[in-house]
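Here the chain labels run A, B and C in written order, and each chain numbers its own residues starting at 1.
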Amino acid sequence: MKWVESNLGLVWDLTLTHVALCIPPIVIGFLLSIPIGWFANRFRVSRGTILVVLGLLYTIPSLPLFIFMPLILGTSQVSSLNVTVALTIYAVALMVRSASDGFGSVDSDILQAASAMGYSGWQRFWRVELPLSGPVLLAGLRVVSASTVSLATIGSVIGVTSLGYLFLNGLQRTIPAEVASGIVAVLVIAVVFDLVIVLAGRLLLPWNRGDRSARATARAARRRAVLVAEGAS
Amino acid sequence: MNLLGEGIAWIVDPANYAGPQGWIVRMLEQLFYTFGAIAVAAVIAIPLGYLVGHTGRGRDIAVSLSGGFRALPSFGVIILLALGLGIGFKAPLLTFVIIAIPPILAGAYAGFEAVDRKTIDAARAMGMTEWQVMTRVEVPLGLPLLIGGVRSSALQVVATATLAAYVSGGALGVFIFQAFATRDYPQALGASVIVTALALALEGIFALIQKLVVPRGVVAKEPKDVRARAPRPRATTGIPVQEGK
Amino acid sequence: MVRRRLGPAMIEFRSVTKQFPDGTVAVDSFDLVIPPRKTTVLVGSSGCGKTTLLRMINRMIDPTSGSILIDGEDTSGLAPVKLRRRIGYVMQNSGLLPHRKVIDNVATVPILNGVPKKDARARALELLDTVGLDRSLASKYPRQLSGGQQQRVGVARGLAADPNILLMDEPFGAVDPIVRAELQQETIRLQEGLGKTVVFVTHDIDEAFLLGHQVVILQKGGHIAQVGSPAEILANPANDFVASFVGADRGKRVLRIERVDGRDVVVDENGTPTGVLQP
């Protein structure tokens, strides 16, 4: 505890750095996954291929991917862009399946009713498909968020500062409290992100509130997202 | 592409694969971590998952736990445990057990929950005891999802096992950390290719097992199978339309 | 909103054929005139192409050949999205948007048509009265309503843009018999009051006879077995298929009169009384 008390400033700074490192991959990954997931769901032939390719990407362990990023992107060895891009790749790999499942979860009767009423394809996507796939999308996003926050620590090995610094430094100086505070900080960030996503879901998807079957759907979606989330550490 | 060639060259060079420091031994270490962690985790997680699935109690906790555990930075846990248990294989193995539990737990529980309530009702109505309901109905019907959970765990551990080398725990990560320190890209690439190939091989094996354990007469409930059902007529706008329902 | 003048809404099928990509011929050179401001019921067992026929009217499905005319105008020349916005559509399980409140579900089409939100909602409230729903339900989500209530919302939504044509695809198939009977009476009342051209699809011959001014009995592949008023069909079934389909050869349609205490009582084949003849 003593170490923590005298180093609160450091932990706080690293926490902010870590948050800043994680947000772009989560957001960009989410945004990229929506069109890809829609496409995968809409065109069945492409679905298998897209999901297999992304599944393969996700099996690449993070450390080698971080190491090779500079070679692929032409960035400097210590550029945080290496980690950002790699984490975005993982986010997309995880999220596309959820997005595809999400669009697939929308009742086809409702889509037909929407078309029958005269929604054009574009209107139908924005006003019906996207909001109705919301619960499954958010379930996927929660998994992506947790996974990204955790994976970002490994960036420290290649010199991109994050809370992982506390792990490396703590090992070097044999200070368990330093390592532990890093773990706790990571978990706190993950919980806060998760709460933000859940809260956003409550605000954006008010029709699900207090509905048992909707909660069960969301739970199943989350479980599915957890089960398919594999590899990459 | 030059680098890829050098990476392959690194893999096929006997100096790199033979002997106690060669990648074959390191790969076996990686597999030891994977299957060791899975075995221990299974002993803990399967009964627990079945309990949750059978009684329906603690479902939300089980799902939150399995979701939340993804946020646990395994790298940090390995180091923290290594500071307590000393360097070597113990700290990584324990860490991998911890990260292997949630997916298996979720798979075991989800497998039970996926069984149609009516089927279970019918089993009780026929006079099966709770134990019989579990062993003769829920376990066989839930097996594919359980294997799915084990598959998730295996892939997560086999990828994470690379980090064991950071606390002198051996496995394929040895080459990667070494190569990163010396900027030896062919070696880093070679080792990465082996790790990825290992993950893919495991994925393939588990996918096969998952197919084999589906009880005969049970059509998998995966949404994609429902989707792939029959050719459906299409509307002019390109929306799938179900005819004459 | 600029409204085009809508005609009386007579619908004509001219040798319409629909073959789906998988080779199924759902409808084969189908001809039919659907009279304006009346209810026409397409009835047949599953696979007879009745839903396909209905969906071709608002171009949810396009025919492989042949043409469909509304008031003499070929629909293939009209933009599908615009066409759909001026044709009401009510389907089984109501097809309500689960993420919109009842009032917004009803107001959907007028808003798509460019009616200001406020006006559309005011009109939607009136429509709730029209279909016999309490206005307090307006701010609920569809899931919070009973099946019968949802179906009424579905009907209100179908009427919201004041279309001259209302397509109803087995709208009452999923509600219980008592509610169904209520909704059927309501449909008759609405059609009489509003004078819409209603095209109704069902597999229930009793429902067809109850609602239809014109009943079209379909056989596999969209072949017309008989067209006529319920009375015409009952009095003179075109063939054995129709006779057996309408149950003319069975129980409750074979009625006879028995004299009881000086009055004429109508009884069915089993001798169960069904009513009394008025002198």
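Note that in this section a contact is a pair of C-beta atoms (placed from the backbone, for glycine too) under 8 Å apart; a residue touches a chain by one contact, two chains touch by 3 or more.
Every value quoted in this text rests on a predicted model; they were computed, and no experiment measured them.
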Chain closest to the assembly centre - both centres taken as Cα means: A
Label of the chain whose CA centroid is most distant from the centroid of chain C: B
Leading chain pair when contacts are tallied as C-beta pairs: A-B
Centroid spacing, where centroids are CA-atom means, of chain A and chain C in whole angstrom: 47
Approximate Å spacing (C-alpha centroids) for the pair chain B, chain C: 53
Chain A and chain B: spacing of chain centres that average the CA atoms, whole Å: 19
Touching two or more other chains - residue numbers and ranges from chain A: 112, 115
Shared interface positions of chain B, touching two or more other chains: 235, 237, 239, 241
Interface hub residues of chain C, defined as touching at least two other chains: 60, 92
Interfacial residue positions of chain A with respect to chain C in the complex: 109-110, 112-120, 123, 128, 131-132, 134, 205, 207, 211, 213-214
Residues of chain C defined as touching chain A within the complex: 58, 60, 81-86, 89, 91-101, 108-109, 112-113, 141, 143, 157, 167
Chain B residues within the chain A interface of the complex: 3, 59-60, 63, 66-68, 70-77, 79-80, 82-84, 99, 102-103, 106-107, 110, 145, 148-149, 151-153, 155-156, 158-160, 162-163, 166-167, 173, 176-177, 179-180, 185, 188-189, 191-192, 195-196, 199-200, 203, 223-224, 227-228, 235, 237-242
Partner chain B, residues of chain A touching it in the complex: 44, 47, 55-56, 59-65, 67-68, 71, 101, 104-105, 108, 111-112, 115, 121, 142-143, 146-147, 149-150, 153-154, 157-158, 163-164, 166-168, 170-171, 174, 176, 179-180, 182-183, 186-187, 190-191, 194, 219, 222-223, 225-233
